[in-house]
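Below, each structure is written out as structure tokens.
In what comes next, subunit A is part of two complexes: it sits with subunit B in the first one and with subunit C in the second one.
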Partner chain A sequence: MRAWRWWKRIGRWGSFLGFTAPALLLILFFIILPALQTIALSFTDRQGAFVGLRNFVQVLSDPDTFNLPGFPPGPPPWGSIVHNAVWILLHLPLTVGLGLILAVLLDRARGATFLKSIIFLGMVTPMIVGGVIIRFLFDENAGIVTAILRAVGLTELGRSWTAYPETALPALILGSVWLWVGFSMILYSAGLATIPRDYYEAAAVDGAGPLQQFWYITIPSLRPVTMVIVAMTVLWELKIFDIVYTATLGGPGGATMVLALQMYFYAFRALEFHRAATVATLLTLFTLIVGLWFVRTTRSPE
Partner chain B sequence: MRRWGRELAVNALAWGVGLIWIIPFIGILMSALRPQSELIHGWWQFSSFTISLDNFLKAWNHPTAPIGQGIRNSLVVVIPATVLPIFIGAMAAYALLRFPFPLRDPLFLTIVLLMAIPQQMVAVPLFRFLRDLGLINNYLGLILVHTAWALPWVILFLRNYFSTLPPEIEEAASLDGASRFQIFTRIVLPLSLPGLASAAALQLTWAWNDFFMALILIYDPDMLVATQRIPLLRGQYHIDWGVLTAASILTMSVPILVFALLQRYYIRGLIGWTLK
Partner chain C sequence: MKRVGFALVVLMLAVSACVPAATPTPERIVETRVIERTVPVEKTVEVTKVIPTLTVIGPWAGAEMDQFLPVLKAAEEKLGVQIRYRIYRAEDLSQVLPPQFEAKQAPGDVIFMWDWWVRENKDHAVDLTDLWQKEASQFVIQPSTVDGRVYAVPYVLFVKPGFWYKKSFFQKHNLKPPTTWEEFLALLDQISKIPGVKKAIISGDGVGWPLSDIVEHFLITFGGPELQENLIAGKVRFTDPQVRAIFAERLVPLLGKYFSDPVEWTQAIDLWWNEEYGLFFMGNWLTGMVKDPNDLGVFTLPGARGVVGGTDWAFIPKYSENVEAAKQLIAFMISKEGMEIRAKQGGKLASRKDISPDVYPPADRALAEALAKIERPNVPDLDDTVGGDWQRTFWDQLKLLWVRPQALDSVLRTLDARFPTR
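After this line comes the complex of A and B, so read on.
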């Protein structure tokens, strides 16, 4: 009797394993094992000897990664970690804020579906093409942004933004706002639709104006959506690669170098695998902090 | 009267934003469709306006990086790289939702967390692993990599989707003697077609738009996918904007077509797992 129960349990586990084995094997061989090997590379030297944190000290003290003497007021390059951080600092509030404003605004406009599709187009575009468009917009001769700036008298900003260290990073960040706003807008739109109308009616009866309603009803109700948007956006900003690759290749003079691209150059141009692995491990550390925060905050309230 | 004015202001603002957002796309379209001689003072000058497909033909048959060949290669990669992860991921998602197994939920959470990892984290070991298997410059290698990297999201999305199906139907089929695999293929999958369409629309776009994995795994000039050819068309100092923008439009046309045709599923896929 007991043996039969065991067989039954093995049979149940068997079907679980049968259904999940293809997925688990692929994930194991193409994600988990290579990621562990990269961690191992980041703690060893060319001979394969364990070197502790030496690679990390080296990477973090390299001006490619950290170039703080250059940080404001000096122009970039400030180092890849600083560039990624600046990217987050500017891009995150801009896309989250703009996305929310656009979602609320388009909720009240005619032709909202059409307008939303237009704004969302940037999210559908391959980011490799996104980089081309950014360079095109900010080009001295072909670009409309530089032409407008010249027309309003800002002649200094009328040259190709991607060719100068002072303007290359801002051009990429502004361009990436244009590409990414569709994401937060679409999520906020969906979130707005789930807020019950009677909340607003009740608040109006109590004498709350539109701004108070927005502050005390809309924003708190959208909290879970905001969490998703913030997590996904920060992950995207940390992993940024394609846009930089086509628009500037990290240049001029490293002024737009970011962690993901730095890793690629170390690994596939300089063939310094251990240094590349160290950069990748650092980047993954940052993304995992965001990922763990996200999993914890989205699961705990229930 | 005041209300009418406010509505006008809201609409003007909304359409103004829409205009700003579409201008870059109109820009590359104008640059690709019109001859260089008309664009010297910018694509926004319309004193003369001629349309020609020259740039598109040049990009399609470009001597060093023909986009036409790239689009064909991308299709060869993307179609299996969409079908495979959705079928494999659906099976795993179903088991992770319905079958009893110790540590099932921690396993699921671990898989979800893998979504945070950047592709650079596996680049060097994955390159060596596939080289040892003879799968560099080989679409099978790239397809398997795309499949594996799509799985965490596909599993998360489809597990949530399956959880909205009523379990009673599956229980009834089980009492009628159907095996778990039969229940899955004959009941769960057909009931989940909208969810599978959402996952397919998104995965197809992501696989098409991918650049990094192709960059490190495909070297043969004839085998490069579409996104890999865009940087090759951009010279270091001189840029032929006509050809480059035409190639960009051709490359983005496929994901935009998918979005236009499957818009409802696409948006649901993007928001489906965030709102319960």
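After this line comes the complex of A and C, so read on.
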């Protein structure tokens, strides 16, 4: 009887391994091993000798990474880490807030599907193309945004935003809000559809107005969706690359440099792969923090 | 039961005797061999000639590509190969090629790339020394070598001769090309005052190289070709008083007043051609990108003894499956015949000495004749020669300088600090 149980257990493990092995092997060889090699590379020099934290010190003391003398109130460049942080600080609330507002406004509205499709177009546009569009949106000669600003008398803002260090980063962030807001709007729309109508009817009977209903029913009910949107958006903001690459190439004067682009320049322009690996390791660390926060939050009973 | 079994065996044996054997018996094999030996058999062998297909990767698109394709067509006819052309900028190739090379793959058989990059990656490039030495004496430009070996060969020349203008625009407004610095400043003033003109000079932008071309022209004009060469060699620093003076006294005062903000350079061509701006600094490939090349005029900054001249560099990756055919293609492209075909299209100048100016279209011929009077028409390009991440920094810092001229000292310090030899 004991032998039978033992064989049964082996059989279960055998089928488990049989079904998962192909995927596990792919993950092992194409994700885990390269990731470990990248981390190892960040602790070595060109000759492969172990150098401890030297690469990290060099990368973090590079003005492209941290340029504190220029930090607000001075204009950018502030360094890639700060630019990424600014991106999160501005882009995240704008995307989440605007996505929620659009989802609520378009919930059950006439022609909502069509309007949502239009807004979602930004998401299906390749980001590399999105970068080019952003560049032209804010261009002095061809841009619609600058034309509108000039038309309303804001002539100072009617110039090419991506040419000036003060306006280049805001241009990219605002442009990326347009590209990304479709994502949060669609998720919120799906979330809204899951909230039972009874809640609103009961609240209305109790005398709650639309704002109170939104605040006390809609927002708490959408909490799990918000968690997903926040986590995905922050991860996207940390690894932002293509928009910056095509719109400004990190300039002018490093005013829009971000971590992923810096990694690219280290690797493919300076041919300093160990420094590129160092930036990659830092990025992994930052994304891990977000990932762990997300896992902990979603696991908690609240 | 035994009887039934016995009957079945007999039946099977009988059936097998009637059916032809699936496999020949040993006797039959011997018989076949004898027949083959005694009866001559005439065989027709079909020989299929395999025509190699070469992939050429270059940076030229649009009008520039149209000017290059006739060369490839001629090569197809002459070499009996098929050639397909793919467009990749050097910036993109620098990303694509390293992983391809690591996998011992090559996306093309002949690739145009920065020469500094090929030198850095020489282990993945075919040695072209023998091919080059046959033609070397005919060329006005020589390749850099690694341990005496050549891995990338020069193709046609581009020059950055100075400020282009429309002859019709100058005639209409009674303007003349300047012969002194003062006349240059007066010209800029005159252009700025013309109704409808936004700024005297439109500044081209892209990844940043059009601005670096302007800066190099100022450096060569006021510091001589030697200054440019010393900067490349790292013998003179960007913080050097001579360099700073050229920036501070000659270039920076013009930036806000006469130069426009950086505008994407192909868009800039249209704006300049529509006479919203008077002058445009660009390389000679511009002749192939305007509606009427015969309306083009160009002048250097007064007193310039040299202008930047460079070339596009071709190399063959080691992992090409058609190395020999690729070598033949490069040999054809840099031959007199191949280069004449390219020169005829305009937009580039031949890098061979034995190409007659008569080959060029009128606008390019005028340029070639004007360049003949310049002491140094092929001063090496500063950022292309230094290369690496410094090149990107140079472009990026100049974009900053263009809109923040007061950041001059910070820009020069950054360029100096990030120079490869520092």
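Everything below uses one rule, namely that the second predicted complex is superposed on the first by the 292 of 302 C-alpha atoms of A that agree within 3 Å, B and C clash if a C-alpha of one lies under 4 Å from a C-alpha of the other, contacts with A are read in each partner's own complex, and residues count from 1 in each chain.
Here is the rule we go by: a residue touches a chain if its C-beta (ideal position, glycine included) is under 8 Å from a C-beta of that chain, and two chains touch if they have at least 3 such contacts.
Fair warning: this is a prediction, and the values are worked out from it, not measured in the lab.
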So, on subunit A, is it clash or fit between subunit B and subunit C?
clash
In the overlay, answer first, second, both or neither for which of subunit B and subunit C A:Arg159 touches.
second
First, second, both or neither for A:Asn67, with subunit B first and subunit C second
neither
After superposition on the shared chain, which partner residues are touched by A:Ala270: those of subunit B (first), subunit C (second), both, or neither?
second
Chain touching more of subunit A, residue-wise (subunit B, subunit C):
B
With both complexes superposed on chain A, which partner does A:Thr95 reach: first (subunit B), second (subunit C), both or neither?
neither
Is A:Asn55 touching the first partner subunit B, the second partner subunit C, both, or neither of them?
neither
Tell me which partner A:Thr44 touches in the superposition: subunit B (first), subunit C (second), both or neither.
neither
After lining up the shared chain so the two structures overlap, which partner does A:Gly254 touch, if you call subunit B first and subunit C second: first, second, both or neither?
second
Where does A:Asn84 make contact in the superposed view: on subunit B (first), on subunit C (second), on both, or on neither?
neither
With the two structures laid over each other on chain A, which partner does A:Ala142 touch: subunit B (first), subunit C (second), both, or neither?
both
Interface residues of subunit A shared by subunit B and subunit C, listed 135, 139, 141-142, 264, 268
Applying the document's contact rule, which stretches of subunit A touch subunit B when the two form their complex?
12-13, 15-16, 18-20, 22-24, 26-27, 29-35, 37-38, 41, 102, 105-106, 108-112, 114-115, 117-122, 124-129, 132-133, 135-137, 139, 141-142, 144, 147, 178, 181, 183, 186-187, 190-191, 194, 224-225, 228, 235, 238-239, 241-242, 245-246, 259-260, 263-264, 267-268, 273, 276-277, 279-281, 283-284, 287-288, 290-292, 294-295
Applying the document's contact rule, which stretches of subunit B touch subunit A when the two form their complex?
7, 10-11, 13-15, 17-18, 21-25, 27-28, 31, 39-40, 42-44, 88-89, 91-92, 94-96, 99-101, 104, 109, 111-126, 129, 144-145, 147-149, 151-152, 155, 180-181, 184, 205, 208-209, 211-212, 215-216, 227, 230-231, 234, 239, 241, 244-245, 248, 251-252, 255-256, 258-259, 263, 267, 270-271, 274-275
Interface residues, subunit A side, partner subunit C - complex
63, 135, 139-142, 159-160, 163-165, 249-255, 264-266, 268-271
Given the complex, residues on subunit C that touch subunit A span 94-95, 98, 120, 205, 207-208, 261-264, 267, 271, 388-389, 391-392, 395-397, 399-400, 402-404, 407, 411, 414
